[in-house]
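In what follows, chain A forms one complex with chain B and a second complex with chain C.
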Partner chain A sequence: MSAVKTPTLPTPSQRSPRTRAIPLRREGPARMWWYRLRRYRRPGIIIPGAILLLIVLFSFLGPIVLNSPKPGTGDLSDYMLPPGSPGHLLGTNAFGNDTLSQLMYGGQTTLIVAVCATALGLVAGTALGMIAGYYQRIAGPVIMRVLDVIFAFPDIILAIAIAAYLGPSMVNAIWAIGFFSVAGFGRIARAQALRVVHMDFVVAARSSGSSALRILVTHVWPNIAGRVFAYGLVAFGYAMMAEAALSYLGLGVPLPTPSWGNIIGTNQAYISTAPQLLYLPALCMFATIACANLFSDAIQEKRAAE
Partner chain B sequence: MSGTEDAMSKPLVRVEDLTVRVIGRDGPPILDRVSFTVEQGRMTALVGESGAGKSMTTKAVLGVLDERIFTTSGTIEVDGRDVGSMRARARRRFTSSVAALVFQNPTRALNPTMRVGPQIAEAMRFSASGAHLSEREARAKAIDLMKQVGIAAPEERFYAFPHQMSGGMKQRAVIAIALSMNPKVLFCDEPTSSLDVTTQALIMDLLEELRQRLGIGILFITHDLVLAASRADDVLVLHSGRVVERMPVAGVFSEAAMPYTRDLIARVPGVEPPADPNRPAAQLPLRVVDRAAACSYVGDCIYRQEICAERVPPLAPLGPDHAARCWFPVGHPPLAEPSGALVTEGSAT
Partner chain C sequence: MLRMILRRIPQMLIVVLGVSFLTYTIMFVLPGDVVTTLLGDNYTEEAAAELTQKLHLDEPFFPRYLTWLGDFVTGNGGTSLIPPHQEVWSLVWRSLLPTVELLVVAEIFAILIAVLLAVVSVASRSRVVDRVIQAIALACNSIPGFVMGLLLIMLFAVQLKLVSPRGWVSPFGPGGDWGENIAHIVFPGIVLGIFTFPVIMRVFRAELVEQLDNEDYVTLARLKGVPGRRVIFNHVLRNSSFGLLTVVGINLARLIGGAVIIEAVFAIPGIGTLIKDSVVSHDTPTALVTVTVIAIFVVVMNLVIDLLYAVLDPRVRDAG
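Showing the complex of A and B:
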């Protein structure tokens, strides 16, 4: 073979526009979120997530869609109707209040209290935990010993004491439950912060004189957020149980505002005659807490697998 | 590049008798009277095996050692100022405006949850000693730095996450961060040891170019004597926290006098240190009573004598810019009789 034309590489100026590097386009935020969420398409995550979503929709949109009567507006002449009665699908209680409506409005109360209390604990606990992990000399041990004291009390007894002191109301229940959940978040956040603060990029930011607040917010928090939120779902379950316990004892949300806890509490006398009055709110709570825990576990597992 | 010129220009970093101990632990210190200088526009290589104290030296100079665990003594001057006597906060502020550190592992040195560009811009915007630039200025400067360190398509890479970059590119980003504060001296802590050889050569070329173009001094830490010999100006060999040999790079392979350095050279495939006619036939049995008072290399040294296990040799000058810490430097007259009587009046400093 002779006179084979040797191919020459084109110089940069000769290259056609088609061979230029494909720009790394910055995706829009909506698309980025879709990419991120798409990784979590697996039954262990979708099923509990969907049930949780259903419970939330049931509680917040159910009353609007079904045009349910407001809680506490029952007709006393309709008392103790069995499930399946016309107009009252799940029957009524001793005051003639519609059980389905009570369940839906009770769900609102319980979910709001649990979410707010968890959020309170998350914000306060994570902030304290990160500070404890960052300032390891004085502030760290002091904060952690204080949290240990809170941790040493049985959660529910502490909440009962606070709620009894503040008096029964929805806001007070949030404070009481939020207070004891601070300790758990504090521990998780500190443990995770300790892992991060010795990484090179934190040491570098520290040695170049970045402020502590800036380091905690931009470098530490994004690297511990996943674990904190995973614990948050578990803490949410605990908060729901605590809310139910407080309401059952009459220290939580006062009547006539229903919550799953106080529905159980007020109807306990009817456990043999109308068990659905107790078992239905209990079932709702069980489903919510179980799904929150399963959801958290499945996400943790997926993240660990990556 | 001659010795007299170097003596006249003021060194950017001057470390004298730097000693670091662990609080509450006896025995030899982690760093034992380490002295060296980093000159403007020169690359000083710190060579040693794992645990020799290379990273400790940089951390001590930059003042990021945990004071609850370590005590430091000795003189540390950065850009003519004694930083050892400064308060921690002022010291960090001053040091970070003059010196910057390039980390060993670029994956650990970058925040995985933050885009690369903002990380480069961060110090310029927010750090105490930074310029406090606006977001727009810092972004422009960061993109310029990314261009300087050879990151292709910096405008787009600005928004990349670290996991979207290769190891070499991440190391370039780390160097860009180090350069963002306009340092006069760069501490490179094994910047290439987690990279493959091709990338290593590119990164070394980049450091070389930055040194020439910006005139910065570089303290280059490595366990790779060949790499040090091919790129640096001066070589400092560290063993068990002591400087055991200091010499200009040109003589490393031919004139190394400390047996440890010679052994390092002998381990390099294809390189043979010059034969030594006076090499003893056999090793003496080893009996070290006090490790702090013995030569650190006495355990593996084929030249060892009784005195090596009993007294630390001084870092004795053997020529211009050449010094070795050995009682029996190869190719030079011994400093002591094997039994222990000192030949010269070298006080064991």
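Showing the complex of A and C:
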């Protein structure tokens, strides 16, 4: 194989396996993605994105790197140590559990619940919304009325009902929070689908005999995905708040599994003696939600500018 | 106007029925023996059979829902499963006042602060002021309601001792009076207002900017030589207040959701506490009635807001 660079591309008739092997500079998929991502290189996107990444790394890799004790394995004789104690950088709680380790494992729980619940709402809500936008005669209004019922209703009350009856657990918290996030995604997806379904390429696909499923998946979805994911970040923030609220009421993730919400809820009594037990998880939650919102705003701004 | 009301009523009924049916379904499919709970130590075979008959527990799924619905409509909400087995309606009635007070204070505060910040951020024409206000809104929107409640209690009640951490003093009980009652509800109300104002502010600000940029009457006022601030206060503000109504309506469900949490933080014996306790203790008659009452409240408030909208804005009135 020679490294000769041809000044012009060979015409199709000349193209043989050998000439194709000439190492023209080829754009691999990784490089393509890099080019696409590079457009988003601006501080409004990178800073919140980096903080989000840091929080995820802190929660999931932190316990491994720092070799933290598992949650709920604290020594009762080490109870309520102040921050800065030897071996317990951020002190301990009333059961002698290390606060730093609780924060990291709690982050895992909170992030998993929020991501799974949002994903659940995204998949179900977007599917319903796209169907409602595509079939505008009967299915659309019916679906939208059902979503209106969910939307008109204080979400947390429904989540409390679901979580209380299913019993407090991590999986049930995901179901409860996911259920009420469906309505938001449904609305966004329907509004976006309505914008797309009358465009020429959809009409063309329909007239060439594509099935509804095919049209929705290959033509409608790619055109609404950006908006849906941007809303997904906002919904992720709501899901985190809902998880925290449920845990605070004792209906979310049950102890001894820590979550940012139940750390705050269970340490409420120490509000004046050990306030760090409240404001550290609160700070983590605040940083995550604020960065998710900022990230979503910045990406939408960027997309709108293009 | 009348036509608008008539058209909305079936929609409202569907929403209320949907919510009550959903709650009923959750209640039906879940285990839990009502009869044993109610009878307690007085349990005998005959008493159990009699009570089952009385509560229609032997009926199948749909007829039982219809029976419940009939009872609900005729004002028979049943009795609570939790001793001392009070009438559900009297429980709901007693919990209504704290929640309504909380919601009113929160809504007033939220609207005031939202309008104030939105006007300042638009009228100041300063990018810095605008950014700072946006940041405040973002911060308030990113803190869960109960965390905000706890932090503010820590600051104002524990450290500065400016307010009482107690959220509720009954105006009817011994030693209670309305002054004390109002004084105690203001702080929780403000906390709930802080939690809910960012959404209102964001929409209202967008509305202000939209009107300032696009409406002809703004251009006309400017051409007449009306100074910048007065364009906002005398012209744009009034026209934008219609948009405010809508967002207040949309925000209502979120406000009530927040009220549940704030009631838990401040130990206020309101509807939210009632719902939470009844759901946790599997007190289904209470849960069902309370949830349905909230659904009716939300739906009726939305109708009232839409009607107000129609009254205030002739364009909507004529279209309806």
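Here is the rule we go by: the second predicted complex is superposed on the first by the 280 of 306 C-alpha atoms of A that agree within 3 Å, B and C clash if a C-alpha of one lies under 4 Å from a C-alpha of the other, contacts with A are read in each partner's own complex, and residues count from 1 in each chain.
Note that in this section a residue touches a chain if its C-beta (ideal position, glycine included) is under 8 Å from a C-beta of that chain, and two chains touch if they have at least 3 such contacts.
Owing to the predicted nature of the structure, the values given are computational and were not obtained by experimental measurement.
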{"item": "First, second, both or neither for A:A164, with chain B first and chain C second", "value": "second"}
{"item": "Of chain C and chain B, partner touching more chain A residues", "value": "C"}
{"item": "Contacts of A:P141 with chain B and chain C, given as first, second, both or neither", "value": "neither"}
{"item": "Touching partner for A:F201 - first (chain B), second (chain C), both, neither", "value": "first"}
{"item": "Which of chain B and chain C A:Q268 touches, first, second, both or neither", "value": "second"}
{"item": "In the complex, chain A residues that touch chain B", "value": "21, 23-26, 137, 199-201, 203-211, 214, 218-219, 222-223"}
{"item": "Residue numbers on chain B that touch chain A, as the complex places them", "value": "62-64, 68, 89, 92-93, 95-96, 101, 103, 105, 108-114, 119, 122-123, 126-130, 152-153, 156-157, 159-160, 164, 177, 181"}
{"item": "Partner chain A, residues of chain C touching it in the complex", "value": "11, 14-15, 18-19, 22-23, 26-27, 30, 138-139, 141-147, 150-151, 153-154, 158, 253-254, 256-258, 260-261, 264, 272, 275-276, 279-280, 282, 287, 291, 294-295, 298-299, 302"}
{"item": "Chain C partner contacts - residues on chain A that touch it in the complex", "value": "145-146, 148-149, 151-158, 160-162, 164-165, 237, 240-241, 244-245, 248-251, 261, 264-265, 268, 271-272, 275, 278-279, 282, 285-286, 289-290, 293-294"}
